[in-house]
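Listed next: structures, encoded as structure tokens.
Look at the two complexes coming up: chain A is in both, with chain B in one and chain C in the other.
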Partner chain A sequence: MKNRAWLTFAVGLLAALGGGWFAVPWAMYRRSEQPVQFSHRVHTSEAVGLSCQDCHALSDGGKFGGIPRLETCAPCHAEPQGKSADEKRFINEYVAKNREVQWLVYARQPENVYFSHAPHIRLAGLKCEQCHGQHGTTDRLRTFERNRISTYPRDVEGYSLVRLQPSRWNEGMKMDDCSRCHHERGVEESCLTCHK
Partner chain B sequence: MNTAHKPKARYGMVIDLDRCNGCGGCAAACAVENNVPPAAPKASDRTGLTWMRIYRAENGRSFPENRTAFFPISCQHCGAHTPCVSVCPQNAVDINPETGVVSQIPPRCLGCRYCMTACPFHARYFNWSDPEWPRDMENALNPDVSVRMRGVVEKCNFCHSRWQAAVAKAAANGKREIDPADYVPACVEACPTEAIAFGNLDDPRSEVSRQSRAPNAFRLLAKLGTDPKVYYRSDRDWVRRMGDTDVAYESEASRG
Partner chain C sequence: MTMNVSRRDVLRFTAGGAVGAMMTPAPWKALDDVAIWTQNWSWIPKPPKGPVTMRATACALCPAGCPVQARCIGGLPVSMHAASGGGLCPLGLTGHHLPYHPARVVRPLRLFHDGPGSRRIPVQIDAAVAAAAGAIRGAKATSRTVAVIDMRPGRSVSWGWQRFLATVPRGAYVPAPAREGSRFPSGVDLDSIRTIVSFRAPLAEEWGPPQLQKRLLDRRVNLIQIEPTHSPTAAIAGRWLAAQPGSEAALAMAIASQLHEGTAGPGEGMTPEIASALTGIPAETIAATAREIVQKGPALVVAEEGLGRAADAAIVELNTLLGHSVVAQTDLLAPFAGEPIAPATELEVIEDSSIALLLLDMSGGDAPFPWPLVRRKLAPKAIVIALSPFLAGTATHADYIVPTLPYLETLLEIPTPFDSTAARLTISAPLLPPRHAAVDPVKFLRAITRDLPGQWTKSEELMRARVSRIHERGEGNVGEKSVADFASADEMWEGLLAGTPWTGAAAAQTRVSVPHQATLSRGQAGPAGSAGWPSLLPALSEKDRSLMTAVTGRPPRQKIASSEQRADGRGAIDGGVVAVNAPLTLVIRTPRDVTASAAVSPVMTKLYRESGLRRSPEVAVVNPATARQLGLAAGRRAKLLIEGGALPVVIATDHAVMPGVVEMTAGPDAIALGERGARGRPGILDVVTADASGSWRTVAARLVEA
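Right after this comes the complex of A and B.
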């Protein structure tokens, strides 16, 4: 009898912990796939040889890194360059119809956040990987997760509950990541430095 | 809490009251720049939102000696013992160490309104309802300023988004110092009589610094020792005396 009581307790505890650690975070986010699959690795490989700035250029004011528009992709992709089904679909549905892809932006900040790439790249000399991680070498675009309550992308908001996948959950676009880096470098970190 | 640290720059204003004719252009430009919604249907002088508010002061004489002056009053950006900073239980108010601007972070505000009680200048406003714009006017909102929700306090921040834009522009050119011409608040830009000077008070060559040291310059409620960064100027003695009385309770020219 005694053993069974302990077993029940252990099962209950595991269920509660499992619910708290995995089920709640899982239920918190709405998952959706990108409209088109895209391989950064192919584009940054030696065969193609593009760098981040070739497609993600700063605007005049230095503000946005920016997701490339169709006009950036179209010159190379008027005809299929490879054999993938996604590329074929991209050409047929977007390039041929001159329709912009509605990319889901992992790094989209909340509306009360002010962020400009210019000071971080030009003055601080940060590399893209510092905040965006190894995104530039990934084979496919991962599932986009959006917080159901705040509607912010998972990459920019909140602590991660379990830091088991630092490369994925700690790429450095959350407020405490910004704050930590500012603190370490002795840069101002008062509210209005980043908020508007 | 010690609020008397020294910022890198101290942005401030000098408003020449002998030039101000009370037109309200500054208040209108401010509202447009900072996404301040039109007054709610039931809003009163007490419950409206007016980051820049114009008060009318009379010299109390009868005709023909009667005279009027207009006091445009925004947040005075107190540099010492800043009352709102020391009372905020949420740390939602601080002094930006780069600009000396007293900030207000609405998402962090819990709406207790202690800061409004503490502010000697009545320069803080509470959102009694969610903002509402007439149809299609939402398309004209300024994307550089976040919209505030019901239940939080807001106030002037010297058009801080313009400072952020100026910093980004300088950085894009590889510079750490901003061009002073790039950072001008909306009220300063809009004033038709050029009554408002704006800039770094710590830069002795700046126009604002020169004017703040003029013999006819004064600050509101200087007796409180909060070191406001908004100065006023007037050659009229009775107007200067107003600076240390409770101007906010005088009759008002503008409604919220």
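Right after this comes the complex of A and C.
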């Protein structure tokens, strides 16, 4: 009888552990595919020879262009650059119709935060990979995940729930991550530096 | 084998599940996400997406009129930046939050003060107009006064009020004393000043524009701070004199008497020894301070307003003695020439119980006006109407609130700031569309009276008329461009809207203005000596005069040290002996937002709460020695008793406060959120009255356990 009591308790414990560590985190995110698949590796390969800044440009005034607009892609993709189904769809659905692709932005910060790429790239000399990982060498765009409650993208929240290695890019881009990096580099900050 | 599931099994399973859940990130992550979710409710305003632009305007939250650049997204300001060196003050930095403040008045209100707190109901604007018009008619019939308290004098709208009051038999125009400018000789070139003698002015904290503070600090101006608290300004001062609060007049007069070395002049008869008995500062220190002022000149005396008639007069005359008797005339042209206007007067010279209609023009900001001083002037059944963007500060005492548009939603005019050496006019252009319906002060003025001549019907028309007159005269510059180079007044107006101020040419010279004419005329018992200086001694309070006559080696009531006696550099005033049963002295501090918006941004509320930079208005700060003698501990609730009434307070202790002194902060509760912060509880300005010397910043008080 005593064993049964402990067994029942253990079953509940294990069920909760399983749910808490695997089921709930999985269910917490809504997953969506990008409208069109895209290979960063091809674009940054020697054959094409583009760098991150060629498409995700920072203007002379310091304004970050973010995700490139169709006008950036259209000059090269006026004609199909290959025979993939995605390329064909991109040409037919977007370039030919002059319709912007509604990309899902992995690292979109929430409304209450103002983030400028210019000081981080030009003054601090950070590499794109330090915050965005090896995104520029991937063959396919990852599935986009958005938190169902907070609505934050997974890249902002981080992929690990325990955050044992907070300096890794995929541990997230939350306020603690920004502050940690600032403190490590001796950069002074206040609330109004990021929150306007 | 069958297995029956009992209720105990369910409970054990649930218990195991609960323990297990605690060992997973799920509940903690859910809590975090829900907290974020609550910040993103649909009704929370979000700046729209759009192009990023920088737009220029001028900050109209205080009379300094700092030029600002607003970073706008989709046309809406999201952050404010200084357009020139020195940064912005905390109020200016968060000024773009204020149009969204919960205390914003969105419709005309009728307030009833018939119980604890006030009830309010929305009314039509016609109700306020009818009440005002009726009160004007009643005032004319009964020979009572119609008064306007202008919280931001010098604007074109201010001229409109004065013009209106000239049409009323007993019209009284009361400009609120500007915090920095009331005792400040206009037109002084601060860059030529080597020593500043400050009577309780928070020079290093909130005095004028941040650029000025930076300029003074960069130039290492010799600062002599006279203040009962070891404030941040006192901490950086070259000499800190912890004078007994209320003894500022005596100290100023003693310094004056030292400056003219015993010959006839201001302060004649106030020897350092007598002043020592009144201030608690050793006579040698007073004499040394006077010598320092002479040796490290040119010197200038500045003071916080509200120190009392004697202190005001003494400080003005001390400045005259220091060579600031002839200064540049920096007044701006009136919008229309040759029209009669009511002269400016002081509240205290208005007869008690005589005001039938009081209009509070808070459309440009608020000012620290102790309400009991105003209430004493009101006739029975008087009508008080506040024109204000916020239901906060002085407006909470009105019978009607007429909503006006706040900074960034409307054109506002900033007349010559106190630190300008020439006349200056700045226009603060709106960057936001009005979020709520509001009433233009001039339109309201036109609605309540038919006796007002002229065709102007809007504030903007008055502002443009003033600009036209400046353009006609052709003097000065808008930025780098000479006024004569503008083809028309409209072109000049467009230049002003871009945030660039007009600065006048070297102006005519005039004698320093004296704020309390009545006091000086009482003090002029006859020219003393060849210099013809008025004696200021009769301006002292009875208490001070009796002390003066009784000063025959009597020890001061409190042992008060000056900065010279404090070698440890702690700045504490411990060791003072508070006379048992002696009343305390209440010292009131007024932060900048009391004199400006009457509302504090929620962002600053959070910062103040976490940093302790601002204290809540319900906190009474005393020296630990005083608290011990009174049997009060920090954090305990107590009752502050002053002549005007009682106020519940929470005790805090601070070594920086002089023994025998209780310090309180006036204004909105900067560490309470939103509406509650703006008008949650009665504050010290709701109960304090002026003492015999006219000072409300220093009054006798008692603290008793609640």
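A few points about this structure:
The working rule: the second predicted complex is superposed on the first by the 164 of 196 C-alpha atoms of A that agree within 3 Å, B and C clash if a C-alpha of one lies under 4 Å from a C-alpha of the other, contacts with A are read in each partner's own complex, and residues count from 1 in each chain.
Operating definition for what follows: contacts are C-beta pairs under 8 Å (C-beta built on N, C-alpha and C of every residue); 3 or more make two chains touch, one makes a residue touch a chain.
What you are looking at is a predicted structure, and each value in this text was computed from that prediction instead of being measured.
Look at A:105: by the touch rule set out above, it reaches neither chain B nor chain C.
Of the two partner chains placed by superposition, only chain B is touched by A:122; chain C is not.
In the superposed model, A:78 makes contact with neither chain B nor chain C. Chain A has more of its residues touched by C than by the other of chain B and chain C.
Shared-chain residue A:191: touches chain B and chain C both. In the superposition on chain A, contact of A:19 is made with chain C only, not with chain B.
In the superposition on chain A, contact of A:58 is made with chain B only, not with chain C. By the touch criterion stated above, A:151 is placed in contact with chain C alone, chain B being left untouched. After overlaying the two complexes on the shared chain, residue contacts for A:114 are found with chain B and with chain C alike.
Across the superposed pair, chain B and chain C both touch chain A at residues 63, 111-112, 114, 191-192, 195-196. By the touch criterion given at the top, residues 92, 94-99, 101, 103, 105-108, 144-147, 157, 160-161, 164-165, 167-169, 171-172, 174, 176 of chain B touch chain A in their complex.
On chain A, the positions that touch chain B within their shared complex are 58, 60-63, 111-112, 114, 116, 118-119, 122-123, 188, 190-193, 195-196.
Across the complex, chain A meets chain C through its residues 4-5, 8-17, 19-21, 24-25, 28, 63, 110-112, 114, 147, 149-152, 161-162, 191-192, 195-196. Taken in their complex, chain C has these residues touching chain A: 8-9, 12-21, 23-27, 29-30, 32-34, 36-37, 39-40, 46-47, 52, 71, 78-79, 93, 603, 606-607.
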